[in-house]
């Protein structure tokens, strides 16, 4: 029995609110239950130095938690003077996943920066970020087409992500904080709308897991991600 | 004529949404028109080292703009590795103002940290922050009384703040970005509900201003701040 | 009665020693009683990136206290690896004030950097810095004219600054440390020789202050600043 | 055909040289072909603040590449003043994996720090690091038992790691740099000697990968890791 | 012929102005010709962590150049966020030399911090710093005896320092900037009043130097240092 | 009697292993007894900004100790976010010494970066680094000639370095850690194969030393350095 009385493969209500803020080329508030992340996409012409002169674009990402998005206040990284390892790891994951969904050649020498700022955290902030960022990215690409910055659609496929895990011996999907904090195994899966994998990251938090559990968890993730991609498409319709 | 067709002493619609997020002891989304700031108050027992053993509490503040709260993306301070001068200046102002509204002795050896994170910027983010932070502070103090952490109310008076300025030769209240960016003089005023001043900061952006203009601007500010304090009280009712 | 037996509107002896050091284009030791600040002006061709191509110049400032300019040793910011909030706030104020006194277009694409290093602190270091910096700036501008870097005088008016405050219920001018540390209200005023305001920053350190007190303090400041501007002019004569 | 003419499941020669340096409680040079990493284990009494008073120990790790371990010189992180995201990600992975292999309660309030310094890089440095670190950890635990710091063996099982991937459409094991730099999918697998998974991290570098490829890759990894664990045990015999 | 027309072993006029600033326990402006350094000594009870519980004191030092102490403005280290290698090297040298002159056991668990801030630079700032710091140290020790913090005199001997070098093929003493910038060999010597060496640092800037030149330079240094120690003693008399 | 039973002028076994790693243009493991330092030389075209347009090359150096090269673990500088004063001092010394051995004009606008990473420390790491770096530099210069980057040999003379000191009242050469940690005087000498001095740095750790001891120590150093240069030449033969 899950604390929320959800079934093992039942995800929380997922919503994508587009144009949540007014300045960004793409701005989406994504909610997975109580987890709320503001994902904005910024379009800038030009690319970082290491990409110059290749005729290709770039997609990068930054991630941050508001200090009081969490149960107890987490220190502000700007005040401490550096981003922590977890932050770095997550923003690298977000950026890598989005780049896998984009044909950088079709982007021209432009850069899209995705900012994922967690307003409220209740588990699964990185997978919610990726799912919301993909919608913001689509809006930013539409903006670019409307402005004549690009001629074709660089998006190869929609992507979304989910957190799955072993909780009290059972494989469950979309862990909230109370589940995540005691899960034996935690896995983040990022998948395309065509059912192919972009990234799989599974970690034994307590006991190591078996190859069978790996199979069960990825299967569960596939099911949930397809649901989320449906929600993305409805939001974009 | 102001771009928004407001009269010179007309402030934008001001709203305070309490309990905006679920973890903080006080959590208020304050809106001055399109300017939106999330103000959270965190209660922690204990005080910083320099305050230890005096039997008094402490109030501090941090301020940040989400990277895409602005027209063009402003770099994330955590990524740059330090907070800029403007950020420092603003968060010192917020903290100083709130401390002036509190009897630190009545707070016990507890610390309240106010986080002001700008979700969307359209002028006046620092004064909106202070006005919203005061409401979040009241909620945090109520939380402390309910938990038995304090016995009396440390709040001496409600405070609020407004930005006023000289725009095209005329004194106006509550400047939005389009006005602020070309104003000749910019002034931030912080006042108590009893009509006394906590802080006055006036700056000549273009031509220096006269003592008469100083008078006009502070008078205008008084009028607007009393309106904001009314809105605070309604939100808290 | 003030500790120094000065009357309420009596400022400390103010001196400006020009050419205090030999390398800078302007170098002034300013003394307000025991407060001593070395203000140097450095002329460099070129402007910061954000000013390039506009045909205008730039004026910036940095402020620092020598570690033992104070009663107890304050840690060296270079050793701590960052400038504190107070430092940032003060150097932004100095730079902003001096820019208000200069026609940047008449400066050409040149930069003047003002360094204010506090040799000995006894209250009012930021206002002494601004008053001394203005003299160093004049010397640097003269140097530029002599070198043919500029053809006209970019200085619009001399400026000076004073700290005023409410001490034991009375408005006084030019607070020394022993007064400043217990003042109820502290206000820094920066004014032109033509009697117009560049900046007003008033802060309630204890009780909030009234609009009448604001009037009294700014009036007091005006009187003192005109005295300081006289001293500047004599030093420059 | 692989550049090295290895078969798809053939790993490079793997060696573990114990007592490679003389000061550390565990010191192992691990070589996977041309990839060479020095793994040292340092035993210190006491635990970090957040672990204090729980009667449990801690295992942490740091990772670094010597500037010229790579084809072209990579800048020294100490000179740049911060560790990069990749470094953070890898050292978090190493530490997490080793903690999963240890019963922290049996370690007492002691800390073991694993340093993995890459002497020469040719692909697979993170998995070589984990494999070598496990041997250094065993030596450090033996040292602790000999010194009477612990009474039982905190090691739950040996662990090792391998990098597998899709290279020119084929699943291969133990990628060297020339393969890794063009692989379509890259996966790091960490497994216990009992055939259970500690961590799986698969990333689509080019095209997304299928669930079948995930199965093939993890199966391949299992085979290789068991070979490495054999080599570890021979080195420790 | 030297630019200043000094003879090869002639040092510049050396002065020590005690009580130059009012807050420090020792405060000396040292001048070697146009080189001017403010040396302050701060007495604090307690010692750094690594010295605790040994019943001994500590002496440390910090060195900095005011941005415009030099011909062209050198960037402020506090603004850059770190102290440069030259600064570190010099302040380590100053501290090490002073500790060699002190019986740390006789100092009790107290710390003396020497700050050397270069007001104006014209060559030899590090040796002027050491020479001035020794006088400030003596004043601080006197202060400690007067306050009853120590019972005996921890100073073992006065020390002073000089820069010598090979300039246009000739060994000269007390190089000013114009000489120093083209010298073939540069050597800093620190010596006690008893004619024993504390530190010798000789560097070939151009051609390497012979053992005979080493002898000549150290002999020249000895002569000059004894003159400086005379000046120190007169200042302290 | 020395702990190692060496005679006073007997150095430890010195070896230079060339091509120790495969990527660098010069890669030498230098061993002075148990002190082991990996010295790599990296050749890059171009020079730092301050050297541009002069048609000359540049040689720079970085030094670091692996965290567990020492008896107890020394913190990793990359993790602390800055290089310590000792590191800065040593790498400046290494670079300065090597530049003194090179005709920068003959190097063209190329930069050679020497990295000295201490694998195991037992005293004398800086002098071993310089001695090993010189061999790596020679290999890098040979690489440049083979690649046609330079036409003549920029090396003016081989250089090497030794640590000498006063240990229990006696002058000894090549101090190992157990001697170094209690030596009264410690001196590092860097010399050319032609018997001329590049750098002399002598420090009184306990009692000051006499001019006679300075002579004895430098004489001892000369003897040892010539032995080391023989070993360098054999390694390069």
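Letters A, B, C, D, E and F mark the chains in the order given here, with residues in each chain numbered from 1 onward.
Quick note on the criterion: a residue touches a chain if its C-beta (ideal position, glycine included) is under 8 Å from a C-beta of that chain, and two chains touch if they have at least 3 such contacts.
The model shown is predicted, which means the values in this text are computed figures rather than measured ones.
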Which number of steps is the smallest that gets you from chain C over to chain F via touching chains? 2
Among B-C, C-E or A-B, whose interface repeats E-F's (more than half the contact pairs identical)? B-C
Note: chain D sits from chain A at a C-alpha centroid distance in Å of 28
How many Å are there between the centre of chain D and the centre of chain F, using C-alpha atoms for each centre? 33
Take the average of all CA coordinates in chain B, do the same for chain D, and state the distance between these two points in whole angstrom. 50
Could you tell me the distance, in whole angstrom, between the mean C-alpha positions of chain C and chain D? 58
List, in ascending order, every residue of chain D touching at least 2 other chains. 81-82
In which sequence are the chains arranged about the ring, given a start at chain C and a first step to chain E? C, E, F, D, A, B
What residues on chain B touch chain C, complex-wise? 82, 84-86, 88-89, 91-92, 96, 100, 187, 191-192, 194-204, 207-211, 213-215, 218-219, 222
Chain E to chain C touching residues, read off their complex: 21-24, 27, 34, 36, 38, 40, 42, 44, 62, 64, 66-71, 73, 76-79, 81-83, 87, 113, 115, 117, 119-121
